[in-house]
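Both of the next two complexes hold subunit A, though its partner changes from subunit B to subunit C.
Our next item is the complex of A and B:
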């Protein structure tokens, strides 16, 4: 049994009427099939409007899918609400979603009570979580005085307040400083060691590469690829490249016409980047460069960020329709 | 019970840190003074009881509409409704607990209006204390239930404040709090009986009077019954509204 499973999941939002009185609609999820086994840290990577938050909201039961199905630990999120909710911890993040006039401790105590944590355990549980997330020093101050990163950590603490086996983290490091973001990565490692299933949405490729067992790339409500960060890199190894220093112009011209070379560019630091269309294209390029005395060179495999950019390259800054 | 208590504690803590939400309590003494001045000015001391009781009931209602009625709308705007709904169990006990905290605090309105009356030289005697106490408790119950219904209904329109402002005064007129029911057109009077405030005001006035209280049980039953109808409507509407918001994807504004 998968911890999270979706089948042909579709969600359409009805937009307002236009000037001609016609109502429009926007497809946020379009036939998403996703399987996440227990204990996996799964990254959902995509641009704004790709459908990441919509998927998290459906899995947390606060949004109903238009069609298809989604389940958590075998319980359907529409027909099995009562069974799903105790199993899921949601972190929607941002400045909203907390009672700003109350302290971090009181916020956590409230959510703990709401999630059915026995009263005798609430104090201990909130103190432990405040310690774990580095908020103990300001636990009794109003949340409205917290920085965005502190609020984000409080959101994370809230997600864990009832000790759920499945965590949905929607852009959890937004607003965090680099040190906190590093702490967050360590936390994800701890959550994995505790056997929890984590679905984390992010824009941050480095973060996904660092913390996820598998990554799913989404765009326009559809899944582009789902694989481990390393497998995704291998999948697009054709996007590999050779980098070399001090390549004469005449040699650059010769490299450019070799089979499998798609692009050659030299930057102001004197580094020439040779983009390759396939892994087979690398040996002739390397041979030619070495024969001509260029020894300061390296082959590079694409990082997740490059994979991501290649797969949704044409989209640019446009948000989802 | 845990969810009820969680809601009660949350609202108590929020009210302690937001005096702005209690602005209604500041208006009760002013209304009492106005009503006392008006009744005294026309030499109708028989109306002094009404002049003290009316602002108290109005204050109770305003607290229900403006403080308790805003709960779900506020949570929705501040992103706290989504995680509340995502928690296991029903939302109803949480809302009930929160409204309970507001209603309990609302008892202050009686003290305020009584104190202003005393300062005005008015000595009010409760001649039927048991009836009065039962009336106050039943009124609090009905107010809380009606507040739950209002809190749910106010989720539907985007500009809920317009309705909050416009619903109160017609209700006060209809309930005979400000002017006697006999001053209303004949065709309007039957509607008064649908308002729990009509029954509450009459019962509490009678409990303060020297004459025996007529139909005390009937009037108490009417208050409780109308409150229960409100609670039932609130529970039904809450389920419907939450389902609608989950389907539309508008549980939170983001």
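Our next item is the complex of A and C:
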């Protein structure tokens, strides 16, 4: 049994009526098939509007799918609400979703009660979590006095307060400083060691590579690609490029015919972008540029958007904007 | 926290209500200190009650001023408790709605006492108005009447809170209307429930409508108490008000359930930052 399973999952939102009185619709998820085994940390990568949050909403029972099915630990998220809800912890980024006028301790205790944690366990559970997330020193202060990073840590603690086997983390590092983001990655490792299944959405490829056992790229509500981080790294380096300044036209022509160079373009700022078909193509390009006196240069990994564009182009799909 | 949850737990209503009450008390502590309540909020309420009582003195004599001071003093509590209409919509602004909907406890449990701070401040405001302004405008309370008076004010506060809670369930989906709805609710109560105008002034259909609001019955009971009626005459009206309040609570529970269901279907429960 998979911890999370979706089959042909589809969600269509009805938009408002236009000037002619016709109602429109927007497809947020379009036939998503996803299987995540127990204990896996699974990354869901995609740009804004790709459908990541919609999937999290459905899995957390906040949204009903239009068609298809989704289950958590074998329980259907539409027909098995009572079974699914205690099994899922849900955390989203930013500093909303907390009671600012309550202390951190009372926030956790309230959510523990809402999730049915027995009364005799609530105090111990909240204290343990506040310690774990470094909030013990300010546990009894109002949350509205916390920094954004502290609120985010409290969110994570809240998501764990009922000890769920499945965690949904929707853009959990939004607003985190680099040190907190590093702590977050360590936490994900701990959650994996505890045997929990984690679905984490992000648009930060480096973050996904650092914490995930497997990664799924989504765009326009569809799954583009599922891979391990290692496979993803290979995919990324495949689409690497070299950027250089002040490259003479004659040299540009010579670079263009080197093996593995797929495209060469110079923009109005004088930056020449040399796109490569493989990681092996970079050394000859760099060697040639340096031999000819071009020293203002850098190798670049493509951003997630570029990987998407390449993937989409590889599949002959049209990019929806 | 080393072993993940093995079997689903069932939330306990009393525990959820107790913890939600902590949210209400925290809001109360931020909304008022005892100084701002006593020297800011209460004088504002007393001014309003005195204003209507003075109109009664000018245009209708002793009976009218007594009628108006009692009605408006009790209404002071209803005005405060119907703030639940607006404060129920605060959950949208806080971003807690998706988390409440995805929690195993029914949504209504979280909302039922989440704004109970208004019951406390409303009860206090009405009691101060009745005890302080009443004697100045012809409502002379005997000492033995006070326990029953307190009971009637508390019943009014709880009943009108339940009425406001049901309206709050509607306002959650229409947050921009929160102030309009609470103002209309207050206007309705002030107009037809025997606060400013005697109930028998209104035609039967309006009186029937007034009977659907808890304050109508508690106000009748309070006036009976002031007139020296026996408990056997007062309690049936008080109980009728409590029953109407309970009916509004039941409506609120159903309405909150529908808020969650509707939000899940139409995707209006916002998620994230």
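Simple rule for what comes next: the second predicted complex is superposed on the first by the 237 of 321 C-alpha atoms of A that agree within 3 Å, B and C clash if a C-alpha of one lies under 4 Å from a C-alpha of the other, contacts with A are read in each partner's own complex, and residues count from 1 in each chain.
Convention: a residue touches a chain if its C-beta (ideal position, glycine included) is under 8 Å from a C-beta of that chain, and two chains touch if they have at least 3 such contacts.
On a predicted model such as this, the values are computed, not experimentally measured, just so you know.
A.B. asks: Sharing subunit A, do subunit B and subunit C clash or fit in the superposition?
C.D. replies: Verdict on subunit A: clash between subunit B and subunit C.
A.B. asks: Applying the touch criterion given at the start, work out whether A:275 contacts subunit B, subunit C, both or neither, answering first, second, both or neither.
C.D. replies: A:275 sits against neither subunit B nor subunit C.
A.B. asks: Could you tell me if A:102 is touching subunit B, subunit C, both of them or neither one (first, second, both, neither)?
C.D. replies: A:102 contacts both subunit B and subunit C.
A.B. asks: Which partner, subunit B or subunit C, is in contact with more residues of subunit A?
C.D. replies: Counted on subunit A, the partner with more touching residues turns out to be C.
A.B. asks: Of the partners subunit B and subunit C, which touch A:183 in the superposed model: first, second, both, neither?
C.D. replies: neither
A.B. asks: Looking at A:243, would you say it contacts subunit B, subunit C, both, or neither? Reply first, second, both or neither.
C.D. replies: A:243 sits against neither subunit B nor subunit C.
A.B. asks: Regarding the shared-chain residue A:110, is it in contact with subunit B (first), subunit C (second), both, or neither?
C.D. replies: both
A.B. asks: Contact-wise, after the overlay, does A:170 reach subunit B, subunit C, both or neither (first, second, both, neither)?
C.D. replies: second
A.B. asks: Given the touch rule stated above, what does A:61 touch, subunit B (first), subunit C (second), both, or neither?
C.D. replies: After superposing on A, A:61 lies in contact with both subunit B and subunit C.
A.B. asks: Indicate the residue numbers of subunit A shared between its subunit B interface and its subunit C interface, in ascending order.
C.D. replies: Residues 11, 13-14, 57, 60-64, 82, 85-86, 88, 90, 92, 94, 96-102, 106, 110-111, 113-116, 119, 142, 158 of subunit A touch both subunit B and subunit C.
A.B. asks: Which of the residues in subunit A come into contact with subunit B in the complex?
C.D. replies: Going by the criterion above, the answer is residues 11, 13-14, 54, 57, 60-64, 82, 85-86, 88, 90, 92, 94, 96-102, 106, 110-111, 113-116, 119, 142, 158.
A.B. asks: List the residues on subunit B that touch subunit A in their complex, please.
C.D. replies: Checking each residue of subunit B against subunit A gives 2-3, 5-6, 9-10, 13-14, 17-18, 78-80, 82-89, 94, 243, 246-249, 251-252, 254.
A.B. asks: Once bound in the complex, which stretches of subunit A touch subunit C?
C.D. replies: These residues of subunit A touch subunit C: 11, 13-14, 53, 56-57, 60-64, 82-83, 85-88, 90, 92-102, 106, 109-111, 113-119, 125, 128-129, 132, 142, 158, 160, 162-165, 170-171, 174-175, 194-196.
A.B. asks: Quick one: which bits of subunit C touch subunit A in the complex? Just the residue numbers, please.
C.D. replies: Per the touch definition, subunit C meets subunit A at residues 1-5, 8-12, 15-16, 18-20, 22-23, 26-27, 29-30, 94-96, 98-105, 109-110, 263-267, 269, 271-273.
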